[in-house]
């Protein structure tokens, strides 16, 4: 990984972090309607994986989707406008946080159905294979989603048809307020790929380099026709399940602190500095990102809501 | 019955009704995602887990087909499970269990099997939750023989109808509009079970019948107040259960007033409003002075952004306008 | 158009329509359980696998949610998949994919996404297949904004409507009554695509309008013949698509005859007949001389044994009786 | 296994075989409506497993359900009457072949939905556990059903809650006209239990003794609170997918012959004779079974259809 790549990765993780912090602000400030699920603490997964993708590769995302969208190249202005329900948003305000999509970047959408991306990503992989485009599809999903039956249905199918799809599990130890262990049998989620003959591994999801390298190998394999893989990334959400949840109570202070100490961004920054990258360069990135995010909020907050007539648009093509 | 009245929210009524049934009958259990210590994502079930413990208030994996299926099997073999579908939209993942299994096992077995399963599901838009967390899908279940379908509109009705659901030997879909959880109402200290298939005339009137379901009853009341100022007298009829449906009460009211407006939050087309209208036409054809107006949600996926979302749901203004046009 | 006529069965029409679309556009693929070498369990697809090969006529695992989901993903990314649901009852396993994903992706994305997915599903009782292999569930899909719903009744309509489905940029549910696969009809040698939302007046008449869907059109024809002997002239209107619905044609016909009977094979209650009746009432209220009669399947799970099964489906006698009572 | 047990097992396998042969006869004779799926060739699975069960244990069955019902003690008269749609049938003619149930024997029903038994059986196990009855539930399912997502959902749940359920896969190499291999990833279906920490094995499903012993151990474990197990039984259906399918074309003559040679009944009979059981005793069983089955057809064929009013009965309790 050269310095430029490192900085880009650093920058993208930061963009997610700062964007999400702003989401929390607009929520508490009463600027947004509804809820949003923050990705803070899990940035290394989205960025590690998406930095291994081509622009025309596909991803499917989750209800906790901002990170994936940013990492795949999503525009912060349009994202923030969408979260605020404005007509300048990615979905003209009709989707909101849980449905941000950018078809031009292969972002096939965040999804409000836990496990909703499984079929879509695997179908996109089938499509890529049939159209012979050598595109790859990545399916992000949570530990909770790994208990949905359709996960196994698509793994079986992807395996028999050798589809170019990478399943990326973000195991953040909880599904809502329920600890993963208490509802998820077996040792690892990675094991769930094995009966289908799908290679899998469980990795440190807070180490963006490991994530990147593991994903790059999986993506390259998929592109070469070697079929699907599953990567389980161990990580943690620093915040609550959604912006309205303080995130404590069901999680010990100790546990939360331990993961704070493993923050993917601060640890990566320290490493970059160790590896000789100028701290000032990184500060410069910080400042630029801060500005980019502030601009996004400002432009979004100033944008209009869609006209009421838009309610009936886009039901059908 | 003159048991003293008290104030209680819709959400509190749900919890009280569950607790009462669980105390009464230890075969009653509650299963679903985060129904345990978390007290549901709507927080309305807080306390049940403490009182009844994890063997009876059971957190399930995120696997709607699986745990509804477990509910069917448990119901078939002696339990009386209450199964929780957090957002009614997720029913779509469990339709096979509900429709092909729960609804049909009794009939297919020639009357051998009983499936005393209660499925609680939320419905309703209004929380800026967008298209996958806002649907009102009670029309689907109402179309399937073997399922009973409850759409309560007040805390008191919850307290009366929920026990009936749990004690019923058939699968019952109990739809709770999540926008009503915080709504207060009065209820007697102790509520007798309310039989299914008995519509409630919630307000008497003479000019027009407003047939409203679930939270749309509140909309009907607001409209009725406004219309009263204009000297228009609205009768509000709440069918309370879609299946069985109290056709008689609907027909009688519409025959009396000669006018009917139906208000339901499911999508208008092919929704329950069509059935309600049809039975009223069939029974009151000679007494109707105008075509029935059906108000339902716009035929669009529920949009996220507030101004659009609000526009898709029938509101007081829509009802007032419909009544005035009809009578004018 | 005077292209020469020929005889063709409903099932042959389905195959021909699929083949034609697959020849026309290589982005069209067919996926489902045993659609390949087996030619479907109904054997109507024999030959497609040979012609188009296993990459385009794809046998899937038994995993309805999974492969319908794959269809959604493929449609979203440039393909035009046709997905086969062997028995419409199994749609219940894929409702999340159909309703929460396929139907809503375009809207939720603010118009970015297109989902040109055709889902073929069978419907209809009559084969002694019992309650899990006999349902007609088109009412569910018709209630969901974002889905188009086709219920063809003749081979010629299949030949015209199927290309429209495949070329449509939206998810389309195409319901085939499996009892009709062997039914013969005539069709032009080449059939132009028939636009959705255009009802077909399949027989002109003056005394009563029979609005019939899918195989119930055949029942309506049989009844019309019998009634003609009694001097009663029936107009038969086939809406052909539930969504979009050609309300105008239904209303015009009912306004002309003053009488309407609706015949659909879904369960009567909360079925599509309620919507069809409602739109006719709404549009023809002043012209109707009697309440509309809705005929549908009995509100029971479909029984296995032939005498009972037969009794649950609307038949010629039911229609004749309904019309005579209405006119008498 | 003592001689009495051996003879009972032999008798029950034969009862299934002869019953099914009669189903084929009534079908070709035009006496039944609709279709039925014959179990011929797979008898060792149902009988091996059910002979390890208590009367009050539960089973869920499949579309190919006659064998399970007979093995769990089902009454042939009522079964045949049901297949013929008569009011004296188990379900008063309303269920037919695919829905035969006997709640009094814990037979929770054949099922027309492939995978339809997964939830029911697992729920029955939950019920048994909560009611503390030490009943066990057995879920029969096919190789095809093992690709349905709900299979994995219930295995996960049964594992985390230690439910007394035994999943018995009848791997007969085909789902309808499709070879299992072509749509089923991985080496064995038994492997699919592993990621959930559920013990599993693949066994010769044509050897009734092995099936019985494996099932007995699994059932005993479940009864003792050791949780679920999965048993994959390798077997073969001699006939077509249903009575109207000749069963050839998609299966080679060779393959079919090879499995004919491993017929579970003839091999078991030979073994019993080897083990010193009098061939005449077995002939006597044959004759008695033949008669029982003939009687079932006769009584069923003579029974009335339900009155048409019955169509509206039993929708609700």
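Labels A, B, C and D are assigned to the chains in the order they are written; within every chain, residues are numbered from 1.
One rule holds for everything that comes next: a contact is a pair of C-beta atoms (placed from the backbone, for glycine too) under 8 Å apart; a residue touches a chain by one contact, two chains touch by 3 or more.
Since the model is a prediction, treat every value here as computed from it, not as a measurement.
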Discussion item. Give me the set of chains touching chain A intersected with the set touching chain C.
Written reply: B, D
Worksheet item: Distance-wise, how many Å sit between the C-alpha centres of chain B and chain C, to the nearest whole number?
Response: 30
Fill in: Centre distance in Å when chain B and chain D are each reduced to the mean of their C-alpha atoms
40
Discussion item. On a C-alpha centroid basis, what's the spacing between chain C and chain D, in Å?
Written reply: 36
Worksheet entry | Two or more partner chains touched - positions in chain A | 91, 93-95, 99, 111-113, 116, 147-150, 153, 156, 160, 182-184, 315
Item to complete: Check each residue of chain C and list the ones that touch at least two other chains.
Response: 60-61, 63, 65-66, 89-90, 93, 96, 100, 107-108, 130-132, 145-146, 298-301, 303-304
Worksheet item: Touch graph across the chains, line, ring, star, complete or other?
Response: complete
Response to the item:
Counting only contacts in the complex, chain C reaches chain A at residues 27, 29, 55-56, 60-61, 63, 65-79, 81, 96-97, 100-101, 105-114, 145-146, 148, 168-170
Worksheet item: Taking the complex as given, what residues does chain D use to touch chain B?
Response: 58, 60, 89-95, 99, 101-104, 108-109, 111-113, 116, 118-128, 130-131, 137, 149-150, 153-154, 156-157, 160, 313-317
Fill in: chain D residues within the chain C interface of the complex
33-35, 85-86, 91, 93-99, 111-116, 144-145, 147-149, 175-178, 182-184, 250, 305-306, 308, 310-312, 315
Response to the item:
chain B residues touching chain C in their complex are 65, 89-93, 95-96, 98-100, 103-104, 107-108, 130-132, 139-140, 142-146, 242-243, 245, 266-267, 269-275, 277-278, 281-282, 285, 290-292, 294, 298-301, 303-304
Worksheet entry | Residue numbers on chain D that touch chain A, as the complex places them | 147-153, 155-156, 159-160, 182-188, 191-192, 194-198
